[in-house]
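I have placed the structure first, in the form of C-alpha cells, so that the comments after it can refer back to it.
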C-alpha cells in the first residue's frame, strides 16, 4: 500500500470519523451507539493516522499525554457520579437539566451523558495508548 | 448515609485517578497517596461505628432501588474487611515510600495500589453479584500490573501463571453469573437469596454453587486451585506483594462466605464434607509446601495457602453445622450448640482474615527489610541478624510467633476460635489437621529465625551470592540491590513496627475484635437481617406470599432455609 | 496482687536489656529483686493458703469464649509459686556472674525473666485457656534460652527439638483443654466437678491432655528432648529443665487429678508411662559420664516418679508426689548449679576426668554433698522422705497394677539413682583425679548428648578455684532446705506439701488422719521412717546396690554398652525420622503439585472443577429438563452458529499462527452477528470493534513470537481433548438447563418502566430519560459497573505501557530506540508501513 | 436455537480449554479468548433468546410494546461490560506474553519453571 495514499486517506478520514464518533456518543442514550463505540472509532482513526505518519506524530496530534488523558477520562466519569452527591442525591444519580436550544427545542442534558463522555475519552485514550506503545516498541 | 458506604471505594478511586493524572510527578502522587491512605482508616472507622450502632447500611447507587440498581451494603461482615483494607493500605503506602525503587514508583505504583484498594473495597461492599465481578476484574488487572511492575524474568514467569489461572476463574465466575441470571432473573445478592429457593432445579443450583466455589477458590488459592500463588507471590518486591498477601486472597474467602451463606446455604450444608476436605487439604498442602522452601518469601507465600485453608475452615465448619441442623432440625439443645458453633466458626474466619492480613503483610515487610540489608532472602546466605539487628529480630519474632498462633498474639485467638468451633461441631479430623498444621507453621517460622537470625552468616555467602548473580547474567530475579540502595530503612521499619504492635494489641485486646467478628458470624448465619436491609418490606412481602403459595416454609429464621421442602415450579412472576 | 507478682517479673523482663545497658553485667542482681519480691509475697500468704484460704483474683477478658484472667492460688499452686520465685531468685543471682562473659546478656535476662513470669502465670492460672497461654509462653521462652548460644548448630537443633516436641504436645493440650471445659461446662478449673469416665468427651480430652503433659514433662517416649536441652547455659538447666518448666506437665496432671483422675484409664496410663520412664531414664543416667547428661536423665527419671505417683494416687501416693516434687526441685536445681560451677571452674565436663575438687571449692562441695544425699534418698534428707512415701504408696497401692511390681521397679530405679548421685557428687569432689586428665574430649562414645557449657574462656589458668558467693549461696541454701524440710515439717511438709496434696486428692478429707500418723508427734518426721519396715529395707538395699554399682562402674558401663544398639531405634530416632520424613514428604509433594508447568496446573484445576460438578450432579440427581428447540431454527442463524462451531474447532487444528488468529477473528465476528440477530446491536457493535482491535494487537505481538511447535505427544493431546470435551459438554448442558428454567421473571421489566417518561407523567418519579435500554443500563441503572469497566481499561493501558517501558534490560522509561513497526509479519502480508517519519528518538518525555 | 447456541458455547469452551492446555504462549491466549466468547454466549443464551427486537423504546412511546417480545436488555448490558473488560485483560496479557518471550527466550510454558520449586 502506498503510504501517500494512506496519509491522504488518514488526513481526510480523521475529522470525519471524529465527528461521526461524537454523533454516536450523543445519540447513544436513545439508539445503539454510546461512548464506548464512539471512543473506539476515534481511536481507530488516530491509529490509521499513526500508520501513515508514525506513532510519534499521532501522539503529537493528541496534544496531551495519553496517560494523563486516561486519568482525565476516568475522572470525568467519576465526576459525573459525584455531581449527584453534591446535589444531595446518591452517588451516580442522574441529574437532568433542560434548556432551550435555538432551532432544536428543549434539550435535556444529564450527568449520564457526562458519564458517557468520560467513557468516550477513556476508551479513546486507552486504545491509542496501548496500540501506540506497542507500535513504538519495535 | 449513602455516601458513607460508598466512600471507601470513592476515596481510593479518586486518589488513584488523581495519581494517574499526576503521572509525571512522583512527589504529587506521594502526597495524594498518603493523604488517601490516612483518610482510609478514618472512613472505615466511621463506617464500622455506624454499622455497629445502627445495623447494616446500604447505598442504592444512582438512586435505583434494589434489586434493580446496584446496591452497596456495609454489614457487620463487610465493614470488618473494609477496616482491614484501610490498615493494609496505610501501612503499605508508608512502607513503599521507603522501600520501593524509583523506577517502579514512577511506573504507576501509587495509582495502581489505590485502584487495587478501590476494587477490593468494591468487592467487599457490593451487594450485586455482577458488580462484584466487575470489581474482581479491576482488582485482578491492577494486581497483574503490579505483579509485573519492573518486568524481571521471575516476575513475568510468575505473572503468566497468576494471570492465566485467575482469568480462568473470571470466566467461570462470569458463566456462573449468567447461568444464575438465567434461573432467577436477578443479580442482587439478597434478591437471589430470596428467589433461589423458589426455583426447583436442585442439580442446576448445586452446579452453579460449585462453579462459584471454583471461581472464588482460585482467587482464594484453595486446594487444588492454588498453584498460581506460590509461583508468583515471591517474585515482585515486598512493597507490592505485601498488599496482595494482606487482602487479595481474602476477597476470595469473603466471596465464598458471602455467596454461600446468603444465596447457597442449602448447598453449603449439602456439600459440607467437600468443604471440609478442601479446607484440610489446603492447610496441609500449603504448610508442607512451605516446609520444603528455603527462601523467606517463598516460605511466606506457601504459608498463605495454608492459612487460606484456616480461613476456609471456618466456612466449612459452619457448613457442617448447617448440615447437621438440616438432618435434625428439631429444637433440642444440640441445635443451639450447633447454631452457636456455626456463628463462632464464621467469627473465627473473620478473625483469621484480620490477623492474617496484618501479620502476613508484616512478614513480607520484614523480608523486604532483610533483603535491603543483605541483598537476598535466601536462608542459606543469611545469618547473624539476631546479633546485628536486635530491633528487626524482635519485630520478626513477635510477628512470626503470631503467625504460628503463639499466645497471646493475634494468631492464637484466630486459631483458638476455629478450634473451639470445630470441636463444638464435632469436626475432629479437621481440628486435628489444623493443630498439626499449626505446629508445622511454627516449624517454618523457627526455621527462618534459626537460619536468618541465629546462625552465623556463612563465610562464602557474599561470594556465593555474587557467583549466583553472575551465572544468571545479572541480578537474580527477586534479589534486590544490595545494602539499602536507595531505600529508606526508617520508613520501612515504621509500618513494620506499627503492625507488630497491632498484632500484639489485637491479641491482648481481643475482646472487642471478637465481638465484632461474632456479630459478623451472626449476620452471616441469619441472612434475613441482610436481606431486609437491602430489599424493601413491601417487595419482600410479595415474595413471601409467593413462597407460601409454593408451600415452602417461611423465610424467617436464618439457617432454617436449609431445611427446605420440595418446591413445585410455578410460571408466575413473583414481582 | 497475683497479677502484680507476674507483672513485676514481666516488667523486669522488658526492662532487662535497657537495665543491662545501663548497669552492665551486674544488672542481674537488680533484676533478681523482682522474683524475690514475688517470693516474699507468696511466703507471707503461705499460712493462709495452707489453712484453706485460696488467693483468688479474676478479671474479664473474653467471656464469650470462656476466657478470663482468672487466677487462683491454692496449696498446689502455692508450692510451685514458692519454688519458681525462690529458686528463680537464686538462679538470677547465680547467673549474673556466670553469664559475665557471654554476649547479649541483656536479652538472656529478658528471656529468663520472661520464662519466670510465664511459669508463674501457668501455675496460678485458674482458667484453662489462660493456663494454656502461659504454657505456650514457657515453650517459646525455653526455645530462646536453649538456643541462646545461637552460633552453635547443636544449640539451635536442641532448641528446635524441644520446641517442636512440646509445641506439638501443646497443640494437643489445647484441644484437650477445650474438650475438658466443654465436658465440665466451665473454663474455670476451680469450678469443674469430677468428670465421669463415661462422658463421651472424656477419652478424647484425656488423650490430648496427656499428650501435652507427657511431652512437657519429658515422659517416655518424649523424653529425648530434655537431655538435649542441656545445650542451654547451666542456670537455665537448673531453672527450666529441672525444677520448674518440666514440672508444668506433672503440675497439670496434679491439678486435673481431682477432675479427671477417678478412672482406671487415668491411673493405668500415668502409672505405666511414669513407671517406665522412671526406670528407663534411671538406667540411661547411669550410662552417662558427663555431669549434665547424668543429671538430665535423672531428672527425667524423677519426673517419671512423680507422674507415677499421681497415678498411684491415694493419700500416700499424693503426699509422696508432692513431697518428692518439692524435694526434687530443690536438690536438682542445686546440683545443676553446682555442675555449672564445676564446669565453669575446670572447663571439664567428664566426671571421669574430675576429682578432688572439695579442697579447692569447699562451699560448693558442701552444697553438693547435701544435694547429692537428697538425690540418693539418704536419711535425713527430704529426698529420703519422698522416697519412703513413694515406696509406701507403691506397696499400699490398691491399684490394678500389682503393688509388688511398683515397689520393685522403684527399688531398682532407686539403686540406679544412687549410683548416679555418686557419679555427679562423689567423683568430682572426693574421687581421685586421673593422672593424665587432659581436656581433650576423647570420650566420644559418651559424648552423643553434647553438653557444652562454655562461654567464658579464661584460658591460661585452669586451676580450680571457689566460685563467687552469689554462685554457691544458692545451691547451699537449697541443699540445706532439703534437710530442714525433713526436720521441720511444720513449716515445710505441713504448710507446703500437705496443703498441696490436699488439693490434688479427690477426697481431701482422707489426708488428715494419714498425715497425722506420718508427721505428727515428732518434729523429726524423717526419723519416723527409721522403724524397720519394708520400705526402709528397700531403701537401704538401694543405697547399698547403688554404691556397689558406682564402685564397679567401669565393668557396668562396659556391660551396658552391649545394649547400646537399642538406642538406635529409640524415640530420638523416631523424632528425626518424623522430621526428615515431613521435609522429604514436603519436597516430594512440592515437586509433584507445584511442578512449574502451567498446562499441568490448568489440567489439575479443570479436572478438579469437573469432579466437583460431577459430585454436585450425582448428589442432586442431575440437571433435570434441558431445553430443546432445535425444531425452531432460522437458516441464517443456524449457518452462523455452525460456522462458529467449526471455526472454534478449527483453531485447535491449525498449525499456522496467523491462520489461527484469523479463524479466531471469524469466531468473534460470528458471535457479533449472533448478537445482532438476537436484538443486541450495541453488544454487536462493541464486539466487532473489540474483535478487530484484538486481532490487530495479536498480529503486532505474534510477529515477534516463534512458530507453533508441537510440544506434546499424542497421549497427552488425547487426554486434554477428553478433559476439554467433558468441560464443554458440561457447559452446554448447563446453558440448556438454565434456559429451560423460566419460573421467575427477570427484573428487567423495571428498566422498561423507568427508562422514559410518558407524556404528562406525574413529576417526581425517577426516570433515566433514555430509549436505548442497554445504554441506559450501562450509564445509569448500572453505571457503577461501567465505571469499573473503564477503570479496568485504564489500568490495562498503564499496564501495557509499563510492561513495555519498564524493564530490567533497559534504562527505566527510555524511549524505544528502534523504528516503529505496525506489524509487518510475513512476506505475503504487506499491510505494514514502516513509519517513515519516525526517527530514533531518545529524549525522555515519558 | 438455544440448543444450537449451547452446543456452540460448549464447543468454544472445550476448544479454548484444549488450547490452554497446550504449551505455547499464543495458544494459551487464543484459548483464553475462546472461553471468554463462550462465557458471553452462556450469559446470552441462559438469559433467553428473542429474535430481532432490541430493547429500544420507539420514539413517541414511553415504554416498549408488549408485542413483539423484546430482548431482555440486562444480559446484553452485562455482556457489553464483560467484553470490554476481557478486551482490556486480553490486550494486557498479549503484551505480557510478548515481554515474557523476550525475557525468557522461549514460548514453551514448560520451560518457565524458575519461580516454582
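Residue numbering begins at 1 within each chain, and the chains themselves are lettered A, B, C and D in the order written.
As a convention for this text, contacts are C-beta pairs under 8 Å (C-beta built on N, C-alpha and C of every residue); 3 or more make two chains touch, one makes a residue touch a chain.
Only a predicted model underlies this, so the values are computations on that prediction, with no experimental measurement involved.
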| item | value |
| --- | --- |
| Chain pair, C-D or A-C, that carries the greater number of C-beta contacts | C-D |
| Subunit C and subunit D, separation of their C-alpha mean positions in angstrom | 48 |
| Chain centre separation (subunit A, subunit C; CA means) in Å | 60 |
| For subunit B paired with subunit C, centre-to-centre distance based on mean C-alpha positions, whole Å | 25 |
| Per-residue multi-chain contacts in subunit C, two or more chains | 590, 594, 596, 598, 602, 606, 681-682, 686, 690, 693, 697, 701, 730-731, 734-735, 738-739, 742, 746-748, 751, 771-772, 774, 776, 778, 780, 782-787, 789-796, 798-800, 803-805, 807 |
| Interface hub residues of subunit B, defined as touching at least two other chains | 13, 20, 61-63, 111, 130, 134, 137, 141, 144-145, 148, 151-153, 160-161, 164, 168, 175, 178-179, 181-183, 187, 227, 230-231, 293 |
| Subunit A residues counted as touching two or more neighbouring chains | 30-32, 36, 67, 70-71, 74, 78, 92, 94, 126, 130, 134 |
| Chain contact topology (line, ring, star, complete or other) | complete |
| Contact footprint of subunit A on subunit D as seen in their complex | 54, 56, 80, 84, 88, 91, 95 |
| Complex contact set, residues of subunit C against subunit D | 590, 594-599, 602-603, 606, 627-630, 632-634, 637-638, 641-642, 644-645, 648-649, 651-652, 657, 660-661, 664, 667-668, 671, 674-675, 677-683, 686-687, 690, 693-694, 697-698, 701-702, 704-706, 708-709, 711-712, 720-721, 723-725, 727-736, 738-739, 742, 746-748, 751-753, 755-759, 761, 771-774, 776-778, 782, 785-786, 789-790, 792-793, 795-796, 799-800, 803-804, 807, 809 |
| Contact set on subunit B toward subunit A in their complex | 2-3, 6, 10, 13-14, 17-24, 59-63, 111 |
| Interface residues, subunit A side, partner subunit D - complex | 30-32, 36, 126, 130, 134 |
| Residue numbers on subunit A that touch subunit C, as the complex places them | 1, 3, 6, 28-37, 40-41, 44, 47, 50-57, 66-67, 70-71, 73-74, 77-78, 81, 92, 94, 96, 108, 110, 112-113, 115-116, 118-119, 122-123, 125-127, 129-131, 133-138 |
